[in-house]
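Single-structure report; data block below.
Going in written order, the chains are labelled A, B, C and D, and every chain counts its residues from 1.
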Amino acid sequence: MAMVCLSDFEAYAKKYLPKMAWDYFAAGADDCTTRDENILAYKRIRFRPRMLRDVSTMDIRTKILGTEISFPVGIAPTGFHQLAWPDGEKSTARAARAMNTCYIASTYSTCTLEEISAAAPSGLRWFQLYIHRNRAASQQLVQRAEALGFQALVLTVDLPYTGKRRDDVRNGFRLPPHMKVKNLERAFEVCKMSPLDPSVTWNDIYWLRSLTCLPIIIKGILTREDAELAVRHGVQGIIVSNHGGRQLDEGPATIDALVEVVEAVRGRVEVYVDGGIRKGSDVLKALALGAKCVFIGRPALWGLAYKGEEGLQDVLRILQDEFCLSMALAGCASTSEIGPHLVQFSRL
Amino acid sequence: MAMVCLSDFEAYAKKYLPKMAWDYFAAGADDCTTRDENILAYKRIRFRPRMLRDVSTMDIRTKILGTEISFPVGIAPTGFHQLAWPDGEKSTARAARAMNTCYIASTYSTCTLEEISAAAPSGLRWFQLYIHRNRAASQQLVQRAEALGFQALVLTVDLPYTGKRRDDVRNGFRLPPHMKVKNLERAFEVCKMSPLDPSVTWNDIYWLRSLTCLPIIIKGILTREDAELAVRHGVQGIIVSNHGGRQLDEGPATIDALVEVVEAVRGRVEVYVDGGIRKGSDVLKALALGAKCVFIGRPALWGLAYKGEEGLQDVLRILQDEFCLSMALAGCASTSEIGPHLVQFSRL
Amino acid sequence: MAMVCLSDFEAYAKKYLPKMAWDYFAAGADDCTTRDENILAYKRIRFRPRMLRDVSTMDIRTKILGTEISFPVGIAPTGFHQLAWPDGEKSTARAARAMNTCYIASTYSTCTLEEISAAAPSGLRWFQLYIHRNRAASQQLVQRAEALGFQALVLTVDLPYTGKRRDDVRNGFRLPPHMKVKNLERAFEVCKMSPLDPSVTWNDIYWLRSLTCLPIIIKGILTREDAELAVRHGVQGIIVSNHGGRQLDEGPATIDALVEVVEAVRGRVEVYVDGGIRKGSDVLKALALGAKCVFIGRPALWGLAYKGEEGLQDVLRILQDEFCLSMALAGCASTSEIGPHLVQFSRL
Amino acid sequence: MAMVCLSDFEAYAKKYLPKMAWDYFAAGADDCTTRDENILAYKRIRFRPRMLRDVSTMDIRTKILGTEISFPVGIAPTGFHQLAWPDGEKSTARAARAMNTCYIASTYSTCTLEEISAAAPSGLRWFQLYIHRNRAASQQLVQRAEALGFQALVLTVDLPYTGKRRDDVRNGFRLPPHMKVKNLERAFEVCKMSPLDPSVTWNDIYWLRSLTCLPIIIKGILTREDAELAVRHGVQGIIVSNHGGRQLDEGPATIDALVEVVEAVRGRVEVYVDGGIRKGSDVLKALALGAKCVFIGRPALWGLAYKGEEGLQDVLRILQDEFCLSMALAGCASTSEIGPHLVQFSRL
């Protein structure tokens, strides 16, 4: 079967992954409304394509936090990549490097930061973290990441508690015995309650700032009010995200929330978005609405499930080609020409 | 099968209840549009979740008419609980007390008020009534309820005649011979026409007031005009309700009507809502739009049908957990922090 | 099988009528969009029901052109009733008289006006006509109708040519040999082209007026502009109609068009509506939006197909009961209390 | 099976064409959203039909660029007609001439311009072209077309690169060995990259203008901004088109884009539209919204697939009859009476 578009990889993963793993990756909170809305919301946005622009030479590069990537699609932080492919996050890191884009490694990786780092030493890597009840453990992780050359910290703020994902409850989801959340092994082995701290507030951004020189990106913002607070607390970037619809169900689709966040931020920090990206033209829409870059979650896992590093590269290459073609057909030869004039919200 | 969410209980009840009982509980008037809209209308409301609030300690209690309940979900009045479980309303009363919430016993109970009262003497119980052609019978019921420690009267005003529920007509619905509407046995045994009085008007609120010291709550209000009249006639509370979509089909969904009722009432009396609550996040939406508490009808019956008192407790516990989680994920640590800023109506 | 609502009769007719007859009655033009929209548009209207009105005594009568009918539902003109029941229009006339309502007999009846008249001499009957190329034939029909005690003329204006009903084309629809368009037998037996005159204009209303003392009702108006013209040309009533969606597809649903016609007419003449009435609550919506009475087309044919005169009475009785119940549940004890405050257009 | 409406021809073609050919003709870009929206958007437009106009004599002719055609439906440029019928574009040309309408021959024809011209010497033919990297080849084509009596040039501007049509990728679409893009055989036989020039800009309109006296029509405009530019660059006409949804997916439906293009053009040049025309009433809607004429793509191919020249005539005749009937039922006796008062956009 030819792998032509991302849904081909989805179909493959659904067919070949163990059900518990597929369900875990696919899960949304409650009725999965927000998970699905993330995709549907893109379909309500229409292009206003312009003709007769010279698109013979295409420049699809972008810069995030000053670093150039080959095209504006990075890998969002998702957990447990060994559920998709034996080499787990090492494959993910290699694919991102090969495609010259950014990989945000999750705290909940099944490889250590050291392994990830060693797999793709020269790649652009960011590190995603939660703030733990055990602050020393968080501090240690931050400092390990910084020492290993991760270039930014991505603080996830939408998970004071884990969302209710019905299939995971039904399946009694847990990692197979041979997989471990390796980054946390030492810190949490005796902790019985959730290691994440639900008392975290904006003030903890200052604490995190005190630990590291790395840029801090805040992930999980969905409102203008929180976007303003993020800027005021000195973060360097915002990822508009609803955790793939896995936390609070029936919040906004991320592409809809992006609009109000971008408006509130007024260019003071970079804004990114994840959730619902399934085609190159979705990337173009996100950039037209003000995102500097998008990150993909589940599609990256489908790529891994298909053929590991190579499969993920296939996924990224398809998105790259589709993004480039969409840009050209919309009349843009360079990412710098992308703007809100390219899109409108459909009446339906 | 794990009982993870309310629709699991619905599926169980549909499978195991006798068809006539299931159809009676599930019935909506005419095309069942309003019954279904009650649910769909919740899906058109989107959260605006806030991040980085301290949600380590959650307070989900509320007060209704001055009495604290453990969380803002009570049991709406529905008839004929023995159709769902042999112990009928006695089980319902016990489950409500166990969960420390409010149970509104229906006039059309298959247990007497005395039995209900004895089953859960310390529980918070309200009594639902209609005004009957035979006013003495209504008076007697009111005074029995008051004497038995029911703490409020809930006057249902949307049933001058019974709505047309096609399946009940097809099934020739009637109670099995061993069940009785026990509260009315003596009063109506020779009455051939419907015992309910379709000539009741707002003035009858004064008559009802003259019979009892209990607070009067009016159930079935759907417009700002009637909300204003209710306040002017001195009721203590309003339940926005369309009788589960069983009376006039194609009226408003209750969550939509809640908005205009709350606006009209301007805090002068407490406003509650029933209809369409299927998830903890629905409760959060109703509170964000101004309800002090919600009441569940069919889900309580599904719980009874599953395992009687225990099954209903399961249902309530799931709603409680989901409500608490939704609050935390939306950034609220206490019901007092819930407000209209948390929600917006979807464009679709 | 119990006949509980109109769709039961529809299912019966679909099952037992010959396919060619069913297809003819069911047909809509082109994609049948307007036929179906007539029904869907009712579902977009929501009631605003009022409570605690005295609805112990219900008055559902109305007057049309000064004549009282038992409730505001008449029989719209449809052709070829013998396709549904052997006695054809004679049964229709009898059922209408038995229910004390108005029957608009079609020019394309399979019984003569004389037969229809004799079947129900005391019934309220109107006569529907087209203006023919052969004006003498039209004149003759008008005068026959007047002499036979028909009390109004209903001029259909939306059929200069017959709409394209695909199934009729596929089926090669024609009447069985033993049925005839009896009213036209003599006038048109040598006419090869369509007998209807597509050159008719508003001036022909004056010609029609000159032939008869009967009130003239114009059927097929869908815009405010034409409503204004109708009033100016002296008609006594307007039936907002799109010919059951059988003429121009993708025009407005009649209940939507009713709103603008009523607004334009400003009470100067009576306005009626047909198309899409399937429940008593649809009647209530139409009256709330300004119709004096509604007319049913296909449901009457389903009733005939079920049991002739008796089946049509069943249909009318169900509509009557449902209409009465809807009124009571919406808080109206009399048709005179029905008004626009009862309804609102849904956001969806 | 009777061929009653265009979807009958579609069903025939889907059944009898080789899958690769059907897929090629049916293909849309990416998710085919725009391909399908072209059709759906027509369904959101409602007529406002007027009654009692004299429609006994119908005039459905129109003029495009000064030439009269029998009705406002021409044949849009589509490639590879031999995939549908052995005689290919020769049959298309003959059918268009027989119906006295305009045929826009595609550069990607499987017959030469000379063959097309010879097949229907007296027919109204326009020639569609792309600007090629090899400008001499383009120039040669233009001059051949002019010499052969093609009466206008239609420059397609929405294909700097070919859209991603998933089925064509899966099928590895290519022409069968016995078919050739005959017009380009000599010019491109050694060209390995796409022969089309993605560097074309508005300035190339001037270059094209310098080559020929023929009117230049620009095809593929979707925004008011580009419509304004087209007028300023001196074109004689605009075809609002999204290439049948085969280029940029999720751009606007053409009938929606038509509205803004017509508004921007303010009558300075003629505006046409293609995409989504499936019924005669669609033609009426397009004209009501300002199109001078519409062009059909896939339906013409279905007609060819059915019976070649004769099948295409059937398709055109059906559209003609339906258009004429729609006009009459909407109250227009002549195309000159068609205007925006005839339509409104549906709320849904």
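Everything below uses one rule, namely that contacts are C-beta pairs under 8 Å (C-beta built on N, C-alpha and C of every residue); 3 or more make two chains touch, one makes a residue touch a chain.
Protein identities per chain, from UniProt: A, B, C, D = (S)-2-hydroxy-acid oxidase.
Predicted model only: the values in this text are computed from it and were never measured.
Engineer: Enter the minimum step count from subunit B to subunit D; a value of 1 means the two chains touch.
Structural biologist: Between subunit B and subunit D, the shortest chain-hopping route counts 2.
Engineer: Looking at C-alpha means, what's the farthest chain from subunit B?
Structural biologist: D
Engineer: Quick one: compare the interface residues of subunit A with those of subunit B and tell me same or different, with half as the dividing line.
Structural biologist: Since fewer than half of the residue numbers are used by both chains, the interface counts as different.
Engineer: How far, in degrees, do you have to turn subunit A to put its CA atoms on top of subunit D, rounded to the nearest 5?
Structural biologist: So the copies are related by a turn of 90 degrees.
Engineer: Can you compute the centre-to-centre distance for subunit C and subunit D, using the mean CA position of each chain? Integer Å is fine.
Structural biologist: Using C-alpha averages as centres, the distance is 42 Å.
Engineer: Can you work out the whole-Å distance between the CA centroids of subunit A and subunit C?
Structural biologist: Distance between chain centres, rounded to whole Å: 60 Å.
Engineer: Could you check subunit C for residues that touch two or more other chains and list them?
Structural biologist: In subunit C, no residue touches two or more other chains.
Engineer: In graph terms, nodes being chains and edges touches, is this line, ring, star, complete or other?
Structural biologist: ring
Engineer: What are all the chain pairs that meet the touch criterion?
Structural biologist: Chain pairs that touch: A-B, A-D, B-C, C-D.
Engineer: Quick one: which bits of subunit C touch subunit D in the complex? Just the residue numbers, please.
Structural biologist: The contact residues of subunit C facing subunit D are 30-31, 33, 44, 157-158, 160-161, 163-164, 166, 169-170, 197-202, 204-205, 220-223, 225-226, 229, 247-252.
Engineer: Subunit A touches which residues of subunit B in the complex?
Structural biologist: Subunit B reaches subunit A through residues 2, 4-5, 43, 45-56, 279, 281, 321-322, 325-326, 328-330, 348.
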